[in-house]
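The two complexes that follow have subunit A in common; it is paired with subunit B in the first and with subunit C in the second.
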Partner chain A sequence: MTTRLSPALIAVAALVYIFLVGPLIIVIGASLSDTTYLTFPPQGLSLRWFEKIFEITAFRRTIVTSLQLAFLATGLALLIGIPAAYALNRYRIQLPSWLSTVFVLPILVPEIVLGFSLLKSVAVGASFPIFLSLLIGHTLLVLPYCVRVISASLASFDFSIEEAAISLGSPPAKTFFTIVLPNVRAGVVAAFILAFITSINDVSTSLFLTGPGVSTLPIQILAHVEQFFDPTIASVSVLLMFLTVAVMAIVERTLGLTFLAK
Partner chain B sequence: MFKRYTGWTLALPATLLVALFLVLPVAATIGTTFVDAKGVLAPYVTFFSSGFRRTVLWRTLEVSLITTAISLVLGFLTAFVVSRAPGRLKSILIIAAVFPLLTGVVVRSFAWLIILGKNGILNNFLVGIGLTDEPFSMLYTQGSVIVAMVYLFTPLMILTLVGVLENIPEDVIQASASLGASPSGTFRQVIFPLAVPGLIVGAVLVFTGSFTSYATPQLLGGERQMMMGTFLYQRAMVNFDWVGASTIAAIMVVITVAVVLAMTRIAKRLNPMTT
Partner chain C sequence: MTQALDINDLTAHYGSTKVLEDLSLSVGASELVSLLGASGCGKTTTLRLIAGFLEPTEGTIRLGGRDLTRLPAHKRDIGLVFQNYALFPHLTVLENVAFGLKQRGVASGERDKRARAMLDRVGLSVLAERLPGALSGGQKQRVALARALVIEPPLLMFDEPLSNLDAKLRVDMRVEIRQLQRANGTTSVYVTHDQEEAFSISDRVAIMNAGRIMQFDTPEVLYQRPTNAFVARFVGFENLIPLRTVARDGEMVTVEAAGGAQLTLSQERFGPIPDAFTLATRPDGLAVTPEAGADGLPATLGLRTYLGRAYQYQCETAAGHLVANGALSAPLEPGGTARLVPVPDQCCVLAGTEL
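Then we have the complex of A and B:
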């Protein structure tokens, strides 16, 4: 027997869900409209605004840049984040307790402050190329997700299994890849997805680091909205939504997405 | 011999990245506001003596607080329904709350431009039902920024609170009812106190998120509803006033960190599980 919910409460929840899902449906609808202005419900169905995206060079270029950045930043963050998460769990006694706080700093410091500070110190101060500055910014941004999510998976891993393998003669590095990593696969997948979504949608950090010729898709959308208020914005928004969902689906198929099923 | 350093070696690359590219640059940004040629605290005197800048700070605090309050109420009520929903429906409701979070801030703020614009959906509807002849100008007001921000952050609040509310055992609620508490009494005296730590986590997430946001105030507030994030960008990239921008950045960091620390303390004190 469960608690009875009052109808008023259920009505409130239903309204909140309409409020949450409605605007996204409106964007999808507006992207399909055959008109030259943004409208909903769509008048006449057409995919021409999706074709339009690829006719605009700036969009074509920034889609590629955003995807490159998201994959590279996520990959790099996993590459340095997995060893860090492993160290935090396996060598807890060796390491100071504040170290885990260090990896949360990119979430604690406002993103826009991080972007501005990187512009001053790295992009202008050290004259790093634009793409490299963006990559550093995005890697920092997604690192907390990688360290924390994988750390949480490792917390429930029984390290005596690893010790058993090593004492039976398996080299430590091989043990890590064949014993430890497969056991925290769900954590790695979750971290990958969270990191990818964060990177591909980022505005506040990228804002300061994009420059002549190199920009990211969300920044390009932001610039486009202020100049042209046409359905291309809706269609490119929908494209960004589907890119995110597609990457999630691919990652799920290849690595197995068990964490959402819980 | 080497074993003593294995942990450090593994954690080193990530630690270096954060130290070199986050701690140092942000410290440098804050540092420049204290070594100004005009005096030690001159940039802060400039900031707080300008009526316009004080208004921006005040507006940002106000918008963030209102957004936090509204999403606390909406998120709590919705999360309660979700946490008591039957299995399959619950998964669907959780996925429906996750989906908006997969979509970026730009797309979700842009949606409100279509809804609230002069020829937007809401105005067309209001004119259509004859409520008004002239479309209202709803964009570039504090209201439009708050609506979009509540929309942005409510899913986060729901997801934070569903986890907390699910952990309240059904037995506790049943016990309260069988001891004679009315449903609203149970809600006030049992469910709410147990949810307080989750409410605080959610409030911190929403407050800091709104306080430091850029895209939403930029798209829906424009010049007229300047907030700390958009103001920082304007000072830095339009006026090239880097000391001014650094001062805004420093104020943002101080307020964010202060809120996080204060709320974590309060959460510890209010947690009924620890007292």
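Then we have the complex of A and C:
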């Protein structure tokens, strides 16, 4: 029996595809334009707007800041999120049911509110350095995703496997790394990628926490667009995209592989 | 290497709920003891206490000369086989089996050799390099068994190891488990809710109910001589008849059932008969006789079913609903009346009239 695809279905799929990929093509196209203004399709091909990024100190600095922030915030969120997700699943019966909701609550708070309250409490209140405030903000921002995604993969983990290992003489802490973690690897990788992307693209939370001398790439893009309309912002967006994709690929490979190697 | 397990007055709670109460159990060296009981009676909890995944509120657990009660689980040296196999999904069959040896610091060459030898014993050496995901249920449980046996633990524990297998395989596997256990002489605790499985595989069986052991005996004794109403019902004594002694004449005792019907029982044949007791019988232990006036409980016959070796009658008596078997040669009509006579060596006299 052959199923005939309905033309309407094909049309919808095509539309979705266009909406998803279209903007990417436009941005990439615009970034390659030889003109001094943003245009699509590109007129003339040139890489000079990519070179331009690195001539602007603010971009150079914020790329580094954003990368540092994304890696550190993701790392911290995983350090907190993995044990939290583990405990939430391992002791599900003993723990009150509202506890797992607490870890997801920050998702419900508008990011702008998160940024603003952190500004009040951490940046101004406790007068933490800007980078530290940003780091706290981003960690809070991505933590719920980490807990959620890793929880989902722990939900299908059979904890009697862990007990089997312990009964065979493996101490509990060691068992966590040799038995539990390798089996939720996919969840950890997914959480890393999701958290990294969320952090590196964040505007709302960072808006309140950036300050003199320290900013993130998306905030710098915003600042740049307010003054200039040249293809730099297109090229910097493309750069951001490729950085993210590269990190995703590297994480998939390395994190995947280190967990596989026993 | 074989050691005896001694559990003394173990009490355990989940939060504030008591799930085990004053449980005591002695498993002799090389003995296989089953914990048998309905779901939720505390079998797994008992295993988890012995394994060290749960701390008792009171009581002690000793294995050989060692007091295990407060020892962390990974230092107890107990082999565990789980219902859902609990194999390490990311390790090959060989690595699964070698895992315990690795924790014991056995060098990798020696480790592989012993793991392979163990796999050979459970007939799985050809699957050594596979991942557990690619095995059938029976194969997985064999790997789990090999993994637990290879560390030569002084105590082996099974938690419903065959529940996930189909009927035919269950029977094969339990024979296999028993043979391996016998050959190694490993002291074992086996948990199941399946009576046939427990009776066929065990030296002794502890029948559990609501966190307590109701009777701990050999399968033969449990099957023929239950000591309380719960165990009697559990092993198929369907008829429990509360009786009161009204007269004694030497070894003959006249007893009365609810409704006033009287029976005369010989202590020589039924054993010592107290003043108030419960007579427990299987349907076979209650003969259906048509004669009026004979010694027996008057009954109205209900549904008759054909069992091949006998007819079975649902009977209504003043002492309640009873099930009795009658001879094929003399079928009785449903709706008629008859007498139910206890057959001496197929009845148990249980102290008390509490059902």
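What we mean here is this: the second predicted complex is superposed on the first by the 244 of 262 C-alpha atoms of A that agree within 3 Å, B and C clash if a C-alpha of one lies under 4 Å from a C-alpha of the other, contacts with A are read in each partner's own complex, and residues count from 1 in each chain.
Note that in this section contacts are C-beta pairs under 8 Å (C-beta built on N, C-alpha and C of every residue); 3 or more make two chains touch, one makes a residue touch a chain.
Please read all numbers here as calculations on a predicted model, not as lab measurements.
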item: Contacts of A:237 with subunit B and subunit C, given as first, second, both or neither; value: first
item: Contacts of A:160 with subunit B and subunit C, given as first, second, both or neither; value: second
item: First, second, both or neither for A:170, with subunit B first and subunit C second; value: second
item: Touched partner set for A:80, first subunit B, second subunit C, both or neither; value: first
item: Subunit B versus subunit C as contact partner of A:179, first or second or both or neither; value: second
item: Subunit B versus subunit C as contact partner of A:32, first or second or both or neither; value: neither
item: Partner, of subunit C and subunit B, that touches more residues belonging to subunit A; value: B
item: Set of subunit A residues, in rising order, touched by both subunit B and subunit C; value: 94, 260
item: Touching residues on subunit A, where the partner in the complex is subunit C; value: 94, 158, 160-161, 163-172, 175, 179, 182-183, 260, 262
item: Touching residues (chain side subunit C, partner subunit A) in the complex; value: 15, 51, 53, 72-80, 82, 84, 86-91, 95, 99-100, 103-104, 144, 147-148, 151
item: Subunit A-facing residues of subunit B, complex; value: 4-8, 10-11, 13-15, 17-19, 21-26, 28-29, 74, 77-78, 80-82, 84, 93, 95-97, 99-108, 110-115, 117, 119, 121, 151, 154-155, 158, 170, 173-174, 177, 183, 208, 211-215, 218-219, 229, 232-233, 236-237, 242, 245-246, 249, 252-253, 256-257, 260
item: Subunit A residues touching subunit B - in the complex, by the definition given at the top; value: 1-6, 9-10, 12-13, 16-17, 19-21, 23-24, 26-27, 30, 37-40, 79-81, 83-84, 86-88, 90-91, 94-95, 99, 102-103, 105-106, 108-114, 116-122, 136-137, 139-140, 143, 147, 197, 200-204, 207-208, 218, 221-222, 225, 229, 233-234, 237, 240-241, 244-245, 248, 260
